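Structure first, then comments.
The first chain written gets the first letter, and so on, giving A, B, C, D, E and F; residue counts start at 1 in each chain.
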Amino acid sequence: MKYFEDFEVGDVYVSRGRTITEADIVNFAAFSGDWYPLHVDKEYAAKSPFGERIAHGMLVLSAASGLMPLTDYAIVAFYGMDRVRFVGPTKIGDTIHVEAEVTEKKEKSELGGVVTFQQKIVDHEGNEKAVATFKIFMASRPK
Amino acid sequence: MKYFEDFEVGDVYVSRGRTITEADIVNFAAFSGDWYPLHVDKEYAAKSPFGERIAHGMLVLSAASGLMPLTDYAIVAFYGMDRVRFVGPTKIGDTIHVEAEVTEKKEKSELGGVVTFQQKIVDHEGNEKAVATFKIFMASRPK
Amino acid sequence: MKYFEDFEVGDVYVSRGRTITEADIVNFAAFSGDWYPLHVDKEYAAKSPFGERIAHGMLVLSAASGLMPLTDYAIVAFYGMDRVRFVGPTKIGDTIHVEAEVTEKKEKSELGGVVTFQQKIVDHEGNEKAVATFKIFMASRPK
Amino acid sequence: MKYFEDFEVGDVYVSRGRTITEADIVNFAAFSGDWYPLHVDKEYAAKSPFGERIAHGMLVLSAASGLMPLTDYAIVAFYGMDRVRFVGPTKIGDTIHVEAEVTEKKEKSELGGVVTFQQKIVDHEGNEKAVATFKIFMASRPK
Amino acid sequence: MKYFEDFEVGDVYVSRGRTITEADIVNFAAFSGDWYPLHVDKEYAAKSPFGERIAHGMLVLSAASGLMPLTDYAIVAFYGMDRVRFVGPTKIGDTIHVEAEVTEKKEKSELGGVVTFQQKIVDHEGNEKAVATFKIFMASRPK
Amino acid sequence: MKYFEDFEVGDVYVSRGRTITEADIVNFAAFSGDWYPLHVDKEYAAKSPFGERIAHGMLVLSAASGLMPLTDYAIVAFYGMDRVRFVGPTKIGDTIHVEAEVTEKKEKSELGGVVTFQQKIVDHEGNEKAVATFKIFMASRPK
């Protein structure tokens, strides 16, 4: 278990990969209720600037959260995100992974503090799909 | 269909509600791969500051995206988010809705521009769960 | 395998039961995209004439189709339905089963014909939830 | 919100599209429990008259229900359906939409009445997949 | 309903088929939480000895359990399994079925006994995917 | 990454927990196609010796596989299981975890060998639900 004290600015984590499939897009449309045709209508998407269906931005962020080794962290709460940008489309068959760097630590109380991760979501060819700043409230190591 | 030109700073949209259920949390843990015990381990959560299982922050944001009337908007792409904060826990049985206000419009090209929504995710008793700034690239009305 | 010739008007089939759960309603709302608040917003439903969330009519019909022993039938195609009526609400926790009676057989060609089932969907206390006339095109027994 | 009074015989609604995917068929087989080989066994389906796996009729109807703008209607209850016919197979990759016309209005009480929609489910090339008569009990506009 | 008395050593059951799809693998990874890259990372799997993504062994066993006609059996409880071996990879698009033979019956009490099935999970070309010995506690026929 | 060489007989792993929910049972019935009433019919289950719905044995094993830290292991293939026994019912709301001990290592070739884990699946009160012997083919550390 990694506690607030165990994170250092500059620490880097590179995750395993996950291929984003047609099933993922269908399942996320279903879960979220976001059936925008760009995601779920092949004919509509073919005529869009992307030329084919693309994954929801929120799908990509959600999958990214599960690629982080969260169960190894002493998380108190998900604090928030800053500056999330979807810099390229995630298409069916793209395999994404997360590259996260600790960019800030801020003690909040004796209970712990906020660790900031600068996340890049990148595909198997190195194309950036999204960038996001995640802020997680981590517990201090119990004394 | 609402185009870039049809949005005005100050426009407000209040969505229908969605009750966040145990099934939603299980399904989102499954989809995302985020099985942090605070979300899916009843015994662990009972001993946490929240006293019970809480929904993933990203679940709440994903559900919120589907509560917006996106299929009525002429969306080119989801541009990004700024300053997302999870200000209160979403528990099993909470019914959330979205209150969104247009706070900025920025023309990017003759193709359209970015409309910024200040989103509040609120439960049925008025408790704020999350705030987020959504930025969507909207198409201009075809001439 | 039951072929067209093997069905007789008056044959009755009583299925096993399936409890309709909150998860079923959430999953069906997701699959279908029908998030009407009567199904998925606890607060809204509490103020409706039903007093609580009820299952989608189409959920009930879909579950009923899976309660029929279809894989024992030599089905060519699902022909259609007549007079479907939702005669009572299906609530979370109701256990439904199907009572189906063959009411008509109509040879269409030497390939087979349409068997008509009068279906009642009934809960564990005998309350009728829905009635429907299913028409299935069954193959003739191979010669 | 559209109330009973707001519907007129002859009103037409044409929905957005949804591509029916292999994942949809798998998910619907799972949800409904209907694993007829024509839907989920590629080898069996290849030898059927359809030559490939086809979507469940009930899947098509369920998806159609979610393509209607139901959350804009003042629905009291789903009354029923008449004469549902599956006039052509829906295959993996077909993009369907709904064309619905109001064909009847029948006041039931001062609470509202039944609006009848004649629905056609059509793919992106104009092929009809199914026709169905939907009957929805709509609330009268509150006075 | 088949009771303990109704099973004979040497009885054979051959099931219908089910095509294992990409959606099944995604859904099972999600359900189980087993996101090993061999199952869900196309690029990783391409470099593995299998050359492509393969289904989880547990997915194959789970699907096999649903291919058995369990609802026709008077099951008291699933007793266990012996010697499960995954003898060949199950790839996307393989259509599997179960061939099960009763190899042992052991009375436990007047309530019933354990029936042992030797299961082979085989694809449409006759390739064995897995073998497993299933032991189910069946009820005696009520007197 | 843990390679064949890194496992020692006697190594013990204790996993995080996962609460088995009604949604899990519904989702697994759907995925597997095993709708035995003991799992999904509340009324039937109430009259069974268990007194309520219980999880599928295969659900419990599948969830257990996802509780193991598989993505930290250099897995070549899932070799098989021996002596799986379901020693107690898993009910809705039970929180299970896995206790696994390495009981055997067997080199197969210079590519690696089979590591045998004796798994106990235990709930939050220490009640054993299942025991299983898992055998995983692990790669040798690359030279």
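In the analysis below, a residue touches a chain if its C-beta (ideal position, glycine included) is under 8 Å from a C-beta of that chain, and two chains touch if they have at least 3 such contacts.
Computed from a predicted model, the values in this text were never measured in an experiment.
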Checklist entry - Which neighbours do subunit D and subunit E have in common? => result A, F
Next on the checklist: Counting residue numbers used by both copies over all numbers at the interface, does the subunit A-subunit E contact come out same (over half shared) or different (under half)?
Outcome noted: different
Checklist entry - So what angle, to the nearest 5 degrees, turns subunit B so that its CA atoms land on those of subunit C? => result 120
Checklist entry - What is the distance in Å between the mean C-alpha positions of subunit E and subunit F? => result 16
Next on the checklist: Just the number, please: Cα centre separation of subunit B and subunit F in whole Å.
Outcome noted: 35
Checklist outcome for this item: When centres are defined as mean Cα positions, the distance from subunit A to subunit F in whole Å is 28
Checklist entry - When you check subunit A against every other chain, which residues touch at least two of them? => result 16, 18, 21-24, 26-27, 30-31, 33, 35, 37, 66, 71
Item to check | In contact (per the touch rule at the top): chain pairs | outcome: A-B, A-C, A-D, A-E, B-C, B-E, B-F, C-D, C-F, D-E, D-F, E-F
Checklist entry - Of all residues in subunit B, which touch subunit F in the complex? => result 21-23, 26-27, 30, 35, 37, 40-44, 53
Next on the checklist: Residue numbers of subunit E touching subunit D in their complex, please.
Outcome noted: 16-19, 21-24, 26-27, 66, 93, 95, 124
Item to check | Touch list for subunit D against partner subunit C, complex | outcome: 18, 24, 27-28, 31-38, 49, 56-59, 61-63, 65-68, 70-71, 75-86, 89
Item to check | subunit A to subunit C touching residues, read off their complex | outcome: 29-31, 33, 35
